[in-house]
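Reviewing the structure listed below.
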Amino acid sequence: MNIRRVISTIEKKYIIENLKKGERIDDRGLWEYRKMNIAHDIIASAEGSAEVTLGETRIMTGVKYDVGEPFPDIPDEGVCTIMAELLPLASPLFERGPPDEQSIELARVVDRGIRHADCIQTKKLCIQENKLVYILFVDMYVMNYAGNLIDAGGISALTALISSRIPEGELKDGNLEWTGKYLTGKDIVKELPLILTYGKIGDIIFLDPNLPEELVSEGRISISVTKDKIVSIQKSGPATFSIEEIQELTKRSMEIGKNIREKLNLWQYKVSND
Amino acid sequence: MPLIINDVYPKKLFREDGKRLDGRENNEIRPIKMKVGVISNADGSAYLEWGNNKIYAAVYGPREVHPHHLAKPDKGILRVFYRMATFSVFERKRPAPGRREKEISMIITDCLEPVLFLELYPGTAFEVFIEVMDADGGTRCASTTVAALALADAGVPMRSLVSAVAVGKIDGQLITDLSGIEDKAGEADLPCAITWFNEELSLLQFDGDMDLDELNESLANAKTALNEILQIQLKALKSKYTTILEEQEGGES
Amino acid sequence: MENEELESEELDEFESEETDREIVVPGEVLTEDVEHFIPGRGTLLNKNKTKIIALNIGLKQIKKNYINVIPLRGFYTPKPGDKVIALVIDKNPVKYKCDINAKDLAVLKPRNAIKRGRIKSFRGGSQGSSNMESEEFEVGDILIAKIISADRLNMPELTIVGKYLGKRVNGIVITIDPPKIPRVIGRNGSMIKLLKNLTKCNIFVTQNGRIWIKGENIAYERLLFDAIKKIENEAHTVGLTDRMSHYIESEKQKRGIK
């Protein structure tokens, strides 16, 4: 496989000319996702896990927990932190080393896309106010990069949390003990936010860019939606979006989000609590 | 801060019926599944499930060396990067590579180098990335095994495959293929790998206590197990093609 | 419609009768009869000279008394005379640097990028570039080029002077496993002819695993991509040419393409 940062002029021309006719090389419409696959609870060592493939893009996410002191400004809330690593095995474009801008952007966009609007119930992740809370680590690893890491990442993070089983603890005389029960998906996740990412080239906007489309895109916008709210928006890249375009895209996102949510039925990935 | 449920090291590593905790006989290896061609962007790749171990390996090369000063003018270099995911172990591991990962990376590099013809690729590098997504004992051996598959899948000329397994001693008895608990709570651990072209060991470490007879017997047990591992590797490499051939034969009347 | 020279010396090793359907892997013993057989391509005699061993994953082939392995996987190694599809990734006044899907970048010097039909007669002794106009390329250009030199120590050198060589202004390039390229061409070009006729696409196949394609419309192009992918996956099987013909016809029906 031979991907370079330089994309050929004829490929760029090919993609744009076809997008103008509403055509894409993988035979999709402008507002269609590639084939998506979800596997959950696949990592024995993790408290929760999910592997999502979107076209050839593949992301593996695991959830681990720890317990610790809460942040002083939110003494009754647990903590959920999201990290991403673009593994060098996933693409000749990725280098080894500490997380770079692209990994940080992925982590932060997914973080804002699924944590806000009370989707993650951090108040339930509290053992004792001011003293002890759960800290959830959601770590995403990109295993193969073929465009649109954000949408795949969002679903993998959400599914990993839904499939989690965190041992429930309580403080008895200052000692942390296991109640014998577990916190599961319904305790952690309340809403099902989905992140939808669009690419933009010239005036054309399209959903779920594959790799060549992403490399050719001048801009990108990710919109996260629950069944009735917009949760977050992130625009990146030098392209500009008109207000009408934003309005159209948020409206579209609600509709597409609703369809995808029904199709994916993510609650099926909740595990039992015994 | 201690976790709510802590990692337990059982006192006895054998059950009442004489079998190991996971039901195996002393010389039985865990169930192993292997598949090649799993990372489409890589030049070669493989995936392995060995007991609860889940490991990906991908090869890129020959390609330019970064940083440049590591390149050798007369031969290529092999670089292996062994890393574990934060969630692959009981207590979340810090994301950055630690000393153990760096040590294992070096050991696997030395282990695989003898089968390659690096002198044919001066100034370039073959990079093997190993990602342990779930760990349960014997990861360096499983990683070596899957990395060899990835190299073969990449079409890199090799003198032969390389297979690895860990043997050892638990509760006074010699066993093959230590699981995570057996590794942590056992008395001796001997990971080893064989390069099949000369049937010699290219990876060998030992930790614990054994007498000379036990060591000799362990090495003999290892040889048997390594053969079993090789058969699984061969099947994985060939099945990508043989399933298609079988389909053709079935279809042709 | 372009007609490319078919590399008629290009034998389809995959379909030849001498090629076994047996898949061999690195280290596999191909024979212990070292008196009768000689180690050929992709093989090695072991240290004790008692066995011939495969070095790659591939198909075993016996030609006269040579044992060869036709590799099924591998990377491209530039050879003089090879036609390649090059992507210009860097340029400076003295040369272009191109990606040719190999371990090294390749170099194209302006004197090897002469515009067609503009070569004026050489005045004795003068090497001034005013006699010849080089074509100007930009980063991102796709060129069909030929390798004029390639050795262990230097970057391979390219030329675009020649028939069918030069910059492409439309179409698209896909990349497959370089060892499978002969299969896409086929014995005496049988496979590539079939692909062109049935999908009505222009196709230019090069040695570095890259294929340039231009079809009437994207539906045909998609069909061709899928067909090439199928060839890549089934390169090791027999009767592939017939099966491809069948596949393309039935896909045309399924997809509603005429």
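Each chain carries a letter (A, B and C) given by its place in the written order, and its residues are counted from 1.
Simple rule for what comes next: contacts are C-beta pairs under 8 Å (C-beta built on N, C-alpha and C of every residue); 3 or more make two chains touch, one makes a residue touch a chain.
Being a predicted model, the structure only gives us computed values, none of them experimental.
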Could you classify the connectivity of these chains, where an edge means two chains touch, as line, ring, star, complete or other? complete
Select, from B-C and A-C, the pair of chains that is joined by more C-beta pairs in contact. B-C
Averaged-CA centre spacing for the pair subunit B and subunit A, given as whole angstrom: 31
Let me have the rounded angstrom distance from the C-alpha centre of subunit B over to the C-alpha centre of subunit C, please. 35
How many angstrom lie between the centres of subunit A and subunit C, each centre taken as the mean Cα position? 40
Hunt down the residues of subunit B that sit against at least two other chains at once, touch-wise. 43, 63
Which subunit A residues reach two or more other chains? 1
Specify, in ascending order, the residues of subunit C that touch 2 or more different other chains. none
Taking the complex as given, what residues does subunit B use to touch subunit A? 1-5, 39-43, 45, 52, 54, 56-58, 60, 63, 66, 81, 83, 85-92, 95-96, 127, 129, 131, 133-136
Using the touch rule from the top, collect the residues of subunit A that touch subunit C in their complex. 1-2, 4, 6-14, 18, 21, 23, 25, 27
Per the contact definition, I'd like the list of subunit A residues that touch subunit B in the complex. 1, 3, 42-47, 49, 56, 58, 60, 62-68, 83, 85, 87-92, 95-96, 98-99, 137, 139, 141, 143-146, 167-169, 176-178
Where on subunit B is subunit C touching in the complex? 43-44, 61-64, 115, 121-122, 124, 152-161, 196-198, 234, 237-238, 241-242, 244-245, 248, 252
Quick one: which bits of subunit C touch subunit A in the complex? Just the residue numbers, please. 87, 89, 99, 101, 138-142, 168-173, 175, 209, 218, 221-222, 225
